[in-house]
């Protein structure tokens, strides 16, 4: 590739001709402007200049090369022509560094809530808004947590609990606990290494990570980066957003299978992204690159291009009819993520897929939908009409609001095959990187040991329905009027009090 | 009409002889003093002087000409005799203007709660008190909102939702959404153009507005003003307070029909105005013109005349017996607004009217009455005993507490024909005029699209009972202990935080 | 009676010989010291001096003459020997006067909560503590109010409500509303005229007052003072605490009957006074005369004499066996006040008394007992097993937590014969004297008119069970998490905000 | 024993050779370092020096002599060689003394909550954290209190309650009330005399105390100290944590029986200590001696030795199989403390033990387990399938959240044999020593008298199931949204307001 001078690049600084520099390479993105899922405005901000710093946290490294035809790859920037900008340390940078310096040692983290408290304190406001926001009035996201607090234990005593074992098999893969790590998006907003922190910690501790597919506006680490970071034989799952262009979808799926992915989770609860207004609000205020991810929901008049761009890759026409096709293109187990009713659970079963996730997308899609946990008992009851439960050929997973090993045990007692945790691990790397994820895993192990001993279960098999009382789950009586998540646990860390003073 | 000098007017400045100037005309209101629904005191304040500024926001322009016999129309004020008062800019004016200047751009409004937050911030305290107050302890007004949050969705997935359509037919009229705009009173307290903002926006976006009848103490825009502001063919409904003088009522109704009104909503839950104590309290403190609207509830000793005046136009004797007469004077569909029991719903059905509104008057009348939404399931069940539901000849509407398209979808799933929204649009024009109403409509469209996709309904027909779980509706379990309306959503607008600092 | 000089009195200043001056008379109370229900210490504080000011607010005028043998009435104080003490205006006096001056005009009172807010602001802390306190954790006192908010109206519309009539017959006596005024104690702590304010206002407005018997430590107005203040023919009821000495009880009862009392309410829920800890706490802090009323509950070691003194007049042995005797000594209807179970309601019915009051003593006795309203449905159901209801020979009253006419209507709909209101009127005279009580009555009349119109009942007879939904009453679901009593209504009076600034 | 000079001791100041001085004796703890349940670090802090002050509050006096082989008892410190350290009065000491000086007089304590408020104010933060903390999210500890507030009284009236008697027989022992004092740990953190305050007060007032066994890391008073402090014939119970070394357990049990202990309560709900995170958090912040008690739950990597040390004395293998052995080694009645299900209650009954305690360990073990009170009705129902109830040979006790005599009466009405109170008495001696415990007992007596009179029960036998309505207990409806424990009662003590100003 030929060398290009910074001066030449600088002349292509408009929508008529727009060149940008990313990672030392020069690209002509003029024709791509109207297709950019993040809108043209944000690219034009860097027209004729280096866009790397804005590009980095919200795109996988290969996003630009994958999406841009080879003839638009203009060349390599001539380093001699670049005027080294002295990176200005901003007030915001200083403030953030001070917060990071004030973090308590990772050893002081006692539960997964703690990571959330630290992450909230150290994250840029926008990243916190993006991660923590739920749909509309955020009733479902609150309900997700509350539901677990409405299931009570019926502990058995005087069993020999010298040895308790919570290792588990999930979709045929060994896991050190009955938990997998749900996929989360845009992890680089919170930590330079993004989801790779999870990959490394999961590999080290025998936990299974679900990774996002390669759709560039959602993942900030590319799929291949994650697979490359995994240890040999480390099991990974894939969460797929189905593309309107089924050829692209097919390519992704088959590439994933080739790279050793163990299961395919197809997102079925997001034909359109939910209104995450806390996030939208943040972006409206100070519009920059990260703002556009949610813009599909914005005023159509103003953001038509973006809206269309977003819709161009998530396919709202995805339906039961497509299931046979998926089965035809892969041998991976297929799991439908986002089932919420017994009716759809039976349709999934009858469609021949290998399982479902009872999920409301972390409360980020349809508000006032039930928690996955609340949907669990009626769905298990429905599946029992198809044969004995548990069924070795069909798995039912649950996610949403899980913060404690005790939450996981409750879901298992109610019939779940395993449980997904997303934000808990996301916040742990936002707060402490890989070390945070490892600590979070360790905390869960400690909690599993203690709680299994205290309920009198020595293995996953011994966690039976009689060990919980879920009568308040669907009646929703006894919703704790105080949110222990923030008020009790997190707000009393020494770290917070230091910050507040 | 003869010219009258300001000096002459000034001599008629007592209850013995009381002339006032309104819109450049001189009126002798001496004999009207005791009949003024707002009391004589407020008129006497302007005796012998120009009352236009006090008159304007709470009377339709034609109120004085309609109510005063022609012989009391003295003449036109001689402009040369008027000493131009230099309008003093008060501290209050300045404060209000500063608040208006500090409003966030209308584009930052993300939901209907946002308009409420902005309206609360910019409205004069009295207007806010008048609009937002509910009856007595305000339990019903709170319940109206909470009821929607106790209905949960049962979303269906993997349906092809590429195209979703929420346009609807309401009482034979086309509507771009299954929503009509409920009538609200005294809109000019909040915006100089009052309810005309709604008329113009509704016409532009294909939404049906319900307007108030011409009773002067309630409407600040006259009925004809609103009809005149409508586009050709724009459908309008009329909400009627039945006058003791049935001839006046007949005249109103037939005039409305002649002007093309498409349906007559008869108010049946207000034989007497409710005790809206927040509003009463405000007025007691600083008594001026607007204060008297509610004074009918005040100490009879002191305000006897006013009390009687108010009672003189709302007829507490209105009863089922009158329904045949109404059917005899108009061909418009007749809808009874304010039904709250299955018993009365069946009486309405049997009386041959075309529908009912399950309403508690926005929580402004009888406190601790149920929300319309809670009354919906038993009333639909009762109506099913008369034949299949939905019934093309009988409509059941619901209003009260609606802020989201998802609220509307819940009511439809439970059997409602369409849903009324009042305060949501009122606050939108108080905050931003016509542009606010248009934005509010756009937001609802966005929410309809997203929510219909997420619940798996492609048209209004596909919104079925199985899509909601209303088991908590009548048990009232799970009332969210935090009011998301203010705490979560609104208080985090950048606007508020700006104001507060 | 002979003249006694102040100097002579001053020499009898110890427990060996203790003389005091009350209302210009000199008494030798040496032997009475150990019997004084308020303890000897408080008397000794005034030994040899004038005790009138301390005596006044907590004793009826004739308490000392009634309780002290005639030979201890030493004589009249010689006015020439008295050194006129210049009454020091204390800081506390000044503060209280400032609060009274800052009261809003009585016309601004819009509901009974308002009087409570004003009373709280202007009352001495001790008086507020005495009036407002409930038993132990104050759960029942809170529940009393909350219970009414769990009963919902089922209003009927389109009835001709031109004329609504809420006058009523209570135990054969005409009343302008279905409400009587419950007896309260120590009213002079809050207003110099004490309960006489109620007597005068009740007489003027046709409402029935219940007065306390003559037991000196509870009433601050004597029974005869109240009867004397009543208008000719004004009906009064009597609440009796049964004395261990049945002869005293008999004397009281027959005296009351002779003076025209219309019904005898026998207290059955107070064999011992409840632990009203808010009140106890106040008194512990600054011990003076008023402190001793509650001291029966205090540490026996320290206050043995007082404890015994209190127990000496309330008889814990009162039982069903005594009912025949009561019937033998009076022809007044006998009502048992404080029934809480269907079992006891039937025992009362079978004992031949004329009625019962479902009461928990304003939440001041047994904590976590149900509200009278919650006990109403099962008790009416039980009484129906004895014959048709309503029963002309047996009345069921309810009290506790009533603040609104709508509360009264709910109780009537559930079967109550009438409703007692105590604190509402107590606070109205603490705030504004007789005028306050009259205003409170007027407010209730306004509320009755409006609420009866809004529920569609034109007379007490038309208030039927179908007009309320009490399903949440016993389930206790939907307890409003916010106490509207203080937070919403009262705290927004202009008066409070003035005080707070 | 030989005299040892301070200089000699000072040379043994490392992990190679570690001597310490306790109570004037010199010990070689080098080999014990790795076995110390509190970890080696805290001992090494005092290596070569006097450790008495750190040792005192968290070890029974004989802990070191019991645990260290006699050959490690080096000798007596030569007092002439000790440089008298002038005890520095720290800022913390001064602050604490000021708080103690500001305590209200003990006579102002009106209920058991009050002691908690004072204790919270005067205790070192660490001690408060240790005593007050519950497991994980502290839902169960909150539920323990709330459960009692969901049981309502059905009081009976007009019974002769002149004489009421609440004395009781508990496991064959006379008690002045139907309450025993539950064992608590580390009392010396809160008061120099620790649990001996309880022993002395209990003996004086005829109440039975349960003491902890001799496991050194939990008790701060030794078992024998407590027995020695008891009066002749004063009944005591023993709570046992079963040691992995059954010989040690046997020795403890038989020693206890020999010393006259009347019943053996075997802890069955703590195979591992719960995560009391409030406590863990406190310790992490400022690590010293007291920190290590909970460290078994900490990061294993860092605290492996400690973790193992803790596990070395509590035996997680304890099971039903061991019950026969226990019966074989003692004639004391055996009670299983920590039963939570009917299933286990029946197993206990069938295992031939003499009773069970329905307990969740004060909310300190398994979080979201039910309160003992909620478990009571189903467990009594289950036991009734084995024969009539009450059963003279099998007792069912309840503890957790008890603060009022009325709580006790509710548990008795629901079938409990007696009730345990722990923290209530712990806080009373933390606040006022022995006098506090005596006052707490007196308050309970006062409450028993009043409440029994008010519910109409003259003896424990008359407290029957019909006297309570427990329908809300298992539905958990009506959880008071305000915690009266702190908000209402305690926060209004004059003491607190003094402190806060």
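The first chain written gets the first letter, and so on, giving A, B, C and D; residue counts start at 1 in each chain.
Rule of thumb we're sticking to: a contact is a pair of C-beta atoms (placed from the backbone, for glycine too) under 8 Å apart; a residue touches a chain by one contact, two chains touch by 3 or more.
Quick caveat: nothing in here was measured; it's all calculated off a predicted structure.
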_More than half overlap in residue numbers between the two sides of the chain A-chain D interface, or less? Answer same or different._
different
*asked:* Quick check: superposing chain B onto chain C on C-alpha atoms, how many degrees is the rotation, to the nearest 5?
replied: 90
*asked:* Using mean CA coordinates as chain centres, what's the gap between chain A and chain D in Å?
replied: 45
*Whole-Å separation of chain centres (CA-atom averages), chain B against chain D*: 63
*List, in ascending order, every residue of chain C touching at least 2 other chains.*
475, 477, 481
*chain D contact footprint on chain C (complex, rising order)*: 136-139, 142, 268-269, 271-272, 274-275, 277-278, 280-281, 284-285, 297, 299-300, 302, 316-320, 322-323, 336, 338-341, 343-344, 347, 365-370, 474-477, 479, 481
*Residues on chain A engaged by chain D in the complex (per definition of touch)*: 107-108, 110-111, 149, 151-162, 404, 406, 439, 442, 446-447, 449-451, 453-455, 466, 469, 471-472, 475, 477-478, 480-481, 484, 488-489, 492-494
